[in-house]
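Below you'll find the structures, each written out as structure tokens.
Consider the two complexes below, in which subunit A is the common component and subunit B and subunit C are the respective partners.
Up next, the complex of A and B:
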């Protein structure tokens, strides 16, 4: 399996290298869909220039990267393209390995269940065969590396690629069962963009499950492990933040990075829901709606963790997708990360209700973003509503996609316990509904 | 007193000898200086210098009679001294300079100066007796502990390439810069209150000055008066490029004059004429100054200036002639009785032989002054003398052009600015600075204050001279904070001789909240002028000596060295378009976005709270009703 992966990486790097050398690179790096004020490469360069001038990069409102990123690029700014390609490679390999591990787990569990005869007889066609699972890790890596969204993000040198790499490493470490590394990478991801905080719950659930510790609030082993993981996570977060403080000598970065993420002062258009909403918001409702929208991102963690406590990996996917839809400054790089997981759920395909509609919506929106942007900003023949309408539709499509996968996953689990071909009491074919 | 007399006597002798041998005046001038220094008598020294500067080198046919006049005047003041009730602590001077410009326009510059040797900032001593100094400003100075205050209101743009340098430059719109006393603890609070008070005094929208358009330049705006404070924490600078200047700003400005607009030069200020002009700028400058050479006495100086450029060429049907009456629809009839000096200067430098234009009534008084690096000759009309007004008892200066004037010398320093790029996403500010000096390089300080909604990228800053990179030797950059503070960029750039230096910096346009746009958002947003400050190498030796009687227009900026003079050039303000949201849509946007969020919430809620169940279709309504009836009747139910 190493050979196809190597080939894939070579192809991906070639595409990126060609695009970096082409005149498209500059155009792509200006696109609002690809870069946001949080992760634009132009702003990293600006931060470095400010450091060179002896001005704190956080004294202005242009630079919103974390101090570690600026110190990373302080040394490797000349090799930035290589860094971003490596980051993409790391993400792909990490996703590859984690899905491989996950598939092994899934297969093992399926085997035990089969042996203990827990599946209804008509469910055999729902079971996953090693043959079809064999290429899934490679497909995941391919979905990430060859996704146009990832390529655009990488060519624009959006630091979103670095965040994705950290999250992918976190997933890998979690699935490999290393609580320490998982905690550290989760802390790093949180430090980079706050929102991955919600991945704490699935990681903990997975690690507990792996150690066969039931989620039982009265069990001391549960509390022992939970506190251990919390300690690792909070400890690394404190260390990383403290390190940033010592690198910079001030706490300026806290309001400039996290305050910026939470209070959404920059209303530059992007593919998210925030920008136009808060540009048009009545001033006295602003705080209320900012709270509502930010709580919205974090809130789903609790019910989802309860519902999916047996399936933490799917929970990770759901969380990443929700973050990328509802975060304050989303870019296509975030979308690409959760889309990479779609091949891992290929067995859900038969239960998806509107995948055709959703893919059409997403494709059409991706094509219309640059068109309507041009009409608004350059041609002046459209106004902001056009672009806004497309962001609405794009997010609507994403929501449909995610909820569809969620539905399909739940339905498959239902069939696995109750049988695939359900009969009514009178023996006629039954339809399954949510009640 | 004996020394004074002796000095005066010497002066008279020397002046008479210079009249007798005009060709030897240069050496005599030096001799005068020496004598003055030896005597160490400041009073006499001043007279000598004044005369020395008056007597130039090219004396051909004309008689220079200014000496007599100066002496007369000084005698006159000495005579009048005993009649004053108290030793004159304050003094008022007024002056009008008229310069015919090469473009055919007329530049009229009024300056009114009130000097008062009191101290507003002295603690525990309240200044309450005002005579010539306007009380409204005096109270403001002491309340807010202002060291120096400069405010200007300008309508129109000064075209340096056609008109040369103005005596006192100002940017379009309103400009305010203030140095606070170093004892002020809450500078921002004082500044806020001060702008509001000034807004009331001048009937202007200075109350729109807040932290988002205030900067603290580190080098460009040094105090012009006494004291070389360098701590720019006490400096505040703001411009309102959008401010429109009109009659309601002129009226309160005129009221600050001791004579109002009732007498003196101020009678010429009829607003319908002043604002029917290509350029109008009125300013108030308050600063502490020295009263004499040794600076033993300090005084507060209030300088009110008004600069107008009239376009009489196009309005006069191609006839190039102007008169006071044509320009101001008034003539002069008297000096302000409170003024110690009241003069009209007409620049006749380009007309030494009288072949270019004819000035009437002719005056016998000539004066020379070194101003803005150039030695200029002026005809002087002294309004304190009755002869000036002639038999008609009114002075209506009339200038009739006889031939075409030659080309103007290009100003040594010139700057312009524009926005490049298309679309509403990014752009580039280009500032072009010209050094037209044939062989001297000199440094300039460029200051840019850009509002926060144009996000500057300092790493894209390029400075090129003669298509080569010209790295600024000093950069002070303060990035903007959204909705709190503008960008401030100050650079020291060395301009090579005879060159064009281009400074470019890229910016990104922000989308604002819908309430932050101006009422006409598609008109665009103004960005204040860049300020280019420089010590420009002078063609002639500048007069570094302090003389009390030099004309007001040449004494505003203190001259520190002979070889260069200070120039400030303001570029055009910029008008930048920003992307706009649809202002009619707030409800729609809130509803639609919330709908999408609710779709997400709803579908997740559905999946989270419900479980899969086999669908048992409920019987139709008629059947259910029938069953209900049957149940009451006690008959078996329908299935």
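Up next, the complex of A and C:
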């Protein structure tokens, strides 16, 4: 299996290298869909220039990346293109390995359940065969590396690629069962963009499940492990933040990075939901709605963790998707990360209801973004409402996609316990309704 | 959301849509055509009105009276033009300086990719002359442009004369709040392109030009003047710009308001407005006017010197004087007053024209159809494509769901399916790339081996590649290892339908007319094509509705509408010149119609052609 993966990586790197050398690279790096004020390469370069001049990179209101990233590029700025390609490669390999591990686990569990005869007889067709699962890790890697969104993001040198790599490594470490590394990478991801904080719950659930510790608030083993994980996480977060402070010599980066993420002062249009809303709003409601919008990102963790506590890996997928939809400065690179997981749920295909509609909407929106941007900014004939309409539609498509997968997952689990062909009490064929 | 989440209702809806797919599609198509034709019916359209406050309520009294002097300047200009054998640069500079303007010149040169036979030019070299009247009343941050082309022969002398007359008159007025630039450009659009690129410090078309020595503020609006006789009977307003872009409707409103005020006959598309909308002739007249606008907009070229301004976010229009055999004539003084009034109103602008519509069609100068009214016509056509795609999707999904092992059944055909679908897609697009690149690059070889001129070589190569593309499906089949399956063509058709829908949708947003014309011709055949139809007949239908034939039809319809019908032979020659003009417009000004057709629409059409010959 290593050979196809290598081939895939070579193809992906070639495409990126060609695009880096073409005239398109400059155009792509200006697109608002691909870069946000947080991760634009132009801003990183500006920050580096300030750093070289001995000024705090956060003076002025241009640079909003974290200190570690700027110190990373301080050393490798000449090889930036290579760094971004490597980051994409790392993400793909990490996703590949994690899905491989995950599939092994799933298969093992399925085997035990089958041996202990826990599945209803008519559900055999829902079970997953090793043949079908064999290529899934490769498909996941392919979905990430060859996704036009990832390619655009990489060619634009958006630092989103680095964040994705960290999150992918976090997933890999979690699935491999290493609480220490998982905590460290989670802390790094949180440090980079705060929102991955919500991945704490699924990671904890997974690690508990792996050690066969039940989620029971009265059990000391549960509390012991949870505290241990919290300690690792918070400890590494403190260390990383402290390191940033010592590198930079000031706390400037806290308001400039995290304040910037939370209070959304930059209303440059992007594919998210914030900019238009806050551009239109009366100033004195701003704080209230910022709270509402930001709580929205974090809030889903609780109900989803309760509903999916047996399935932490699917929960990770859901959380990443929710973050990339509702975060304050989303780019297509974020979308690409959760889309890479879709092949892992290919067995849910038969339960998906709106996949045709959703794919049409997402494709149409991807085509319409540049067109409406052109009409608004260059031709001057359309206006921001046109663009925001497409943003809304794009996010509607994403939400529908995620909720469709959520529903399909729950439905499959339901069938696995209650049988595939459900009958109503009067014997007619029943339909499942998600309410 | 009930529709999307309730399985029973969903099933009912999909059943309905698949069972009644063909009738619904036909109804949609007819409805689209009827809707579109209905747009010209006066009760369905809105009356134009001035939206911009700064131009609406202010009173302007026109006092320009130097019409006769402008005509004598025009004669002088004519004499100097003849003597210089082109643009009389020195004389123009002297005249403008005498009128108290800051005068600058800009020289430019451009080698066309191949000779332009319509205008007989290949190596173009010329000079633009412009004078800036500095605004006495405001910081000079904004400007207006009045331009007149210096054309070969006898034409447009009066325009330059009037331009200089206006400059002299404007110089003595104190109320200017914006700089006014008087521009005389040589070689019409090429000169204009050079000047605009110089003004905005861009170079997007590979033009060589000397940098501008003097600049005014950011240009708010521009008027381009074309006037070839001492008296005129009517003024024609030209709005269609590059890539079908239109100026803000307020500019047209402004022109119309002043024509009404001064009692000048005004036309659009050369058609006078009629008042009898309730008669058949009245409706036909409005429909013809609108169709002319649609055809002109669809071809994506700039129909006057103003067309290039629009790309720089500058609202601009051309005003052309027409001298026909009508009894009622107007002198140059009246036209001067009209221009004075328009410029004074534009001078009052506090911000760029943005209040009124940018997307509109005009069945007459006093009526307009806004985007909300015409988009449904296109939407109905696009819906057909989506309905067909849905139909195929349902057909593709049903056997997989009915089978015992749903997942693995669906997986297996997609293995070879991806390859058999990807090959035609890639090959079609490579043909498109060939169609885009080869004609211009191969002209030298073609000229060496065939007895044709460069222009003919380019056009004929394009047509040859286009025709050669038709032979592709047989060859793509050979490239594939396996036989094309039933599943295969359905997947290909699904892809092609969605692709076409996205393409046409994007096109219609940027240039509604182009999108609509392409949709009208492409949708019926692409929606109905299957490999099981009688080959010869449907192949003929497909070719007759292909993009190239669409251009041919447009040429004939256009000639019919401007009341200059042509024979088949002349039509063919016109068709050839339209193709060469399209390629030239792309190379010279960056018009996007040729690349759109060659790189996207034609390959997409080839994909459907592939489906027809699917084995």
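In the analysis below, the second predicted complex is superposed on the first by the 434 of 435 C-alpha atoms of A that agree within 3 Å, B and C clash if a C-alpha of one lies under 4 Å from a C-alpha of the other, contacts with A are read in each partner's own complex, and residues count from 1 in each chain.
Following the convention adopted for this analysis, a residue touches a chain if its C-beta (ideal position, glycine included) is under 8 Å from a C-beta of that chain, and two chains touch if they have at least 3 such contacts.
Note that the structure is a prediction, hence the values are computed from the model and not measured.
J.: Go through the superposed model and pick first if A:347 touches only subunit B, second if only subunit C, both, or neither.
T.: In the superposition, A:347 touches subunit C alone.
J.: Once the shared chain is lined up, is A:382 touching subunit B (first), subunit C (second), both, or neither of them?
T.: second
J.: Looking at the overlay, does A:279 come into contact with subunit B only (first), subunit C only (second), both, or neither?
T.: A:279: touches subunit B, not subunit C.
J.: Taking the superposition as given, does A:367 touch the first partner, subunit B, the second, subunit C, both, or neither?
T.: Touch status of A:367: second partner only.
J.: Quick check on the superposed pair: does A:356 touch subunit B, subunit C, both, or neither? Answer first, second, both or neither.
T.: Second partner only.
J.: Looking at A:21, would you say it contacts subunit B, subunit C, both, or neither? Reply first, second, both or neither.
T.: After superposing on A, A:21 lies clear of both subunit B and subunit C.
J.: Under the stated touch criterion, which partner chain does A:129 make contact with: subunit B (first), subunit C (second), both, or neither?
T.: It touches subunit C, and subunit B stays clear.
J.: A:414 in the overlay: touching subunit B, subunit C, both, or neither? Say first, second, both or neither.
T.: After superposing on A, A:414 lies in contact with subunit B but is clear of subunit C.
J.: Which partner, subunit B or subunit C, touches the larger number of subunit A residues?
T.: B
J.: If I apply the document's touch criterion, which positions on subunit A are contacted by subunit B in one structure and by subunit C in the other?
T.: In the superposed arrangement, which is not itself an observed complex, subunit A uses residues 378, 400, 431-434 for both subunit B and subunit C.
J.: In the complex, go through subunit C and note every residue touching subunit A.
T.: On the subunit C side, the touching residues are 4-8, 10, 245-246, 310-311, 313, 352, 354, 358-359, 386, 389-390, 393, 400-401, 404-408, 410-411, 498, 501-502, 505-506, 509-510.
J.: Could you list, by residue number, the parts of subunit B that touch subunit A in their complex?
T.: 422-426, 452, 455-459, 475, 477-483, 487, 508, 510-515, 579-582, 585-586, 589-590, 592-593, 596-597, 599-601, 603-604, 606-616
J.: Report the residues of subunit A in contact with subunit C in the complex, numbered from low to high.
T.: On the subunit A side, the touching residues are 125, 129, 131-132, 346-347, 349-350, 353-354, 356-357, 360, 363-364, 367-368, 371-372, 374-375, 378-382, 400, 431-434.
J.: For the complex, which residues does subunit A have touching subunit B?
T.: Going through subunit A, the ones touching subunit B are 30, 32, 42, 45-46, 48-50, 53, 55, 59-62, 265-269, 273, 275-283, 293, 296, 300, 303-304, 306-307, 325-326, 376-378, 383-385, 388, 392, 395-396, 399-400, 403, 406-407, 410-411, 414, 418, 422, 424, 430-435.
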